[in-house]
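Dumping the structure here so I can ask a few things about it.
Lettered A, B and C in written order, each chain numbered from 1.
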Amino acid sequence: MSLNSIFQYFVPKDKKFFPLFEQAGANLIDMAKLLKENVNTTDLDHRKSLSKKLEDLEHVGDNITHQIHLELGRNFITPFDREDIHALASSLDDVADFIHGASNRMQLYQVERATDPMIELADLILEATEHVAKALFELKDLKNIRNITDSCVRINSVENKADYIFDKAVADLFEYEKDAISLIKNKEVLSAMEDATDKCEDVANVLESILVKNA
Amino acid sequence: MSLNSIFQYFVPKDKKFFPLFEQAGANLIDMAKLLKENVNTTDLDHRKSLSKKLEDLEHVGDNITHQIHLELGRNFITPFDREDIHALASSLDDVADFIHGASNRMQLYQVERATDPMIELADLILEATEHVAKALFELKDLKNIRNITDSCVRINSVENKADYIFDKAVADLFEYEKDAISLIKNKEVLSAMEDATDKCEDVANVLESILVKNA
Amino acid sequence: MSLNSIFQYFVPKDKKFFPLFEQAGANLIDMAKLLKENVNTTDLDHRKSLSKKLEDLEHVGDNITHQIHLELGRNFITPFDREDIHALASSLDDVADFIHGASNRMQLYQVERATDPMIELADLILEATEHVAKALFELKDLKNIRNITDSCVRINSVENKADYIFDKAVADLFEYEKDAISLIKNKEVLSAMEDATDKCEDVANVLESILVKNA
């Protein structure tokens, strides 16, 4: 129990952080939707414009992170430990990086057509970001600990599914893809996608650690 | 010095966490033994059954982590900071993931025969988990700081050896393996093994940071 | 606000840590200079002797980290939270590991001639370590928060540039390099270099988190 958690019984909690985290969550969902659209198109011009939009949303996310840091500088009393707010903002940033990274690799490596496991992973990334956004929405009211815990459990379960799809896809590449360079390309795109779900799990870990501290 | 560490002079320490960490340590040793058996067999059926057992032990580990979280929710007074208990449980989980991952990749990529450096790395992983288990066993009595520090030093030394073997093995692959896909396969299995020792080093870092805080 | 930060208003701050962090920063600059020399030579004997020097400096860095830990054991009052001193020392260690790793891979994989993007990345690594060293130098006087924040912003900007160069270089490899093994070699060296700038960003994150806590 930190001094911070003693103070929070006497001082009204600052409410500025919660809307920012909600925005960050909503932005991740938007990014995941663009990635999903990206893997479902074969129109290269459309894909280029989707990649551009994804990059713009990554900058929106960077701005939200920056706002959170400005608020941390301004507010003496924070709703929970300053370093947890910092860790949460960083982990959300990482999710955005890998969603953008997956789309970026498809572009850079000139992957012409997304494979089935890429499409499945994009679906799972969208699902994971939806649970992340839901947990962030509940964060303002720590009475709903069960809801946040539920979202964390679901994020972990999505990440397990993504692991399984990734493993199977890579095993198939090793079994059927005889062109080594093409194998590497596909593996790297799949890997960025699987990393995006890993980073959602990191968000869940930070959230769980916040719950544990403030239990 | 946190309020927590003041409280611990007045309140009997809760003893529920230590047996759980001891179980986690023992489970890692069991997993490392199965991995060692795995790299030393060429009987594919036996390997499949070893992989299955490893997966079961990974679930045992997940259960222990879950128990630790339940205890964190129940206990107001913890033997050291709640976030450190959380970090320690997570880092032990990561070790289990990579030991299982190494065995999983051998299976998925259909690596028929483990190479010498794989066998050496499996030995080092077992050695590292033994030091991890020893440090966790000593944790209940922070008077034995020197023993814990010793184990951490040994884990770091095992990790250095693993680094060296990994580097040499990869250099040899680049020099002698002319089939690119086979090179990637071998490199990925070696890499999961080396990551397992890296994660043991992360456990050592968490332990050192706990010692530093409670010094 | 931790008890630590209350104490620091009454107790003179211990000054032993700051010179050690300054040494760590200076050592990273020296390592980055050797890496830069390394990518700019084609004389294999000279490269071997540069690699040896880099390894020696990595050990110098390990010694500084060890000194910091010894001081943590000795000093009850630290200038900021013990775990932050620990995290900062670890993150500096990681930068050293990847600078050495990049040079090591060039040696192990027998990369004969560094490519243009490798040379550009080595320049950026040097730039990043200079900003890291500057921030560490300012750390002793938390009144200069703006200077530290400035260095952190610059480190992030260098990391973005490195990302861009790395992405472009890998895209070019996939477009023009038809030999898969040579593609992997080049990609791995580039990747260690890009990781070195990532680790500088991690240092910046730790620094920002220290500023946030002590704001």
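The working rule: a contact is a pair of C-beta atoms (placed from the backbone, for glycine too) under 8 Å apart; a residue touches a chain by one contact, two chains touch by 3 or more.
Treat the numbers as computed from the prediction; the structure is a model and nothing was measured.
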### Message
Rounded to the nearest 5 degrees, how far is chain B rotated relative to chain C when their C-alpha atoms are superposed?
### Response
120
### Query
When chain A touches chain C, do the two copies use mostly the same residue numbers, with over half shared, or different ones?
different
### Task
Could you give the separation in Å between the centres of chain A and chain C, each centre being the mean of its C-alpha atoms?
26
## Note on the structure
Where chain C touches two or more other chains at once, the residues are 2-3, 180, 184
### Task
Using the touch rule from the top, collect the residues of chain B that touch chain C in their complex.
1-3, 167-168, 170-171, 174-175, 177-178, 180-181, 183-184, 205, 208-209, 212-213, 215
#### Entry: Of all residues in chain C, those that touch chain B in their complex
2-4, 69, 72-73, 82-83, 86-87, 90, 104, 108-110, 180-181, 184-185
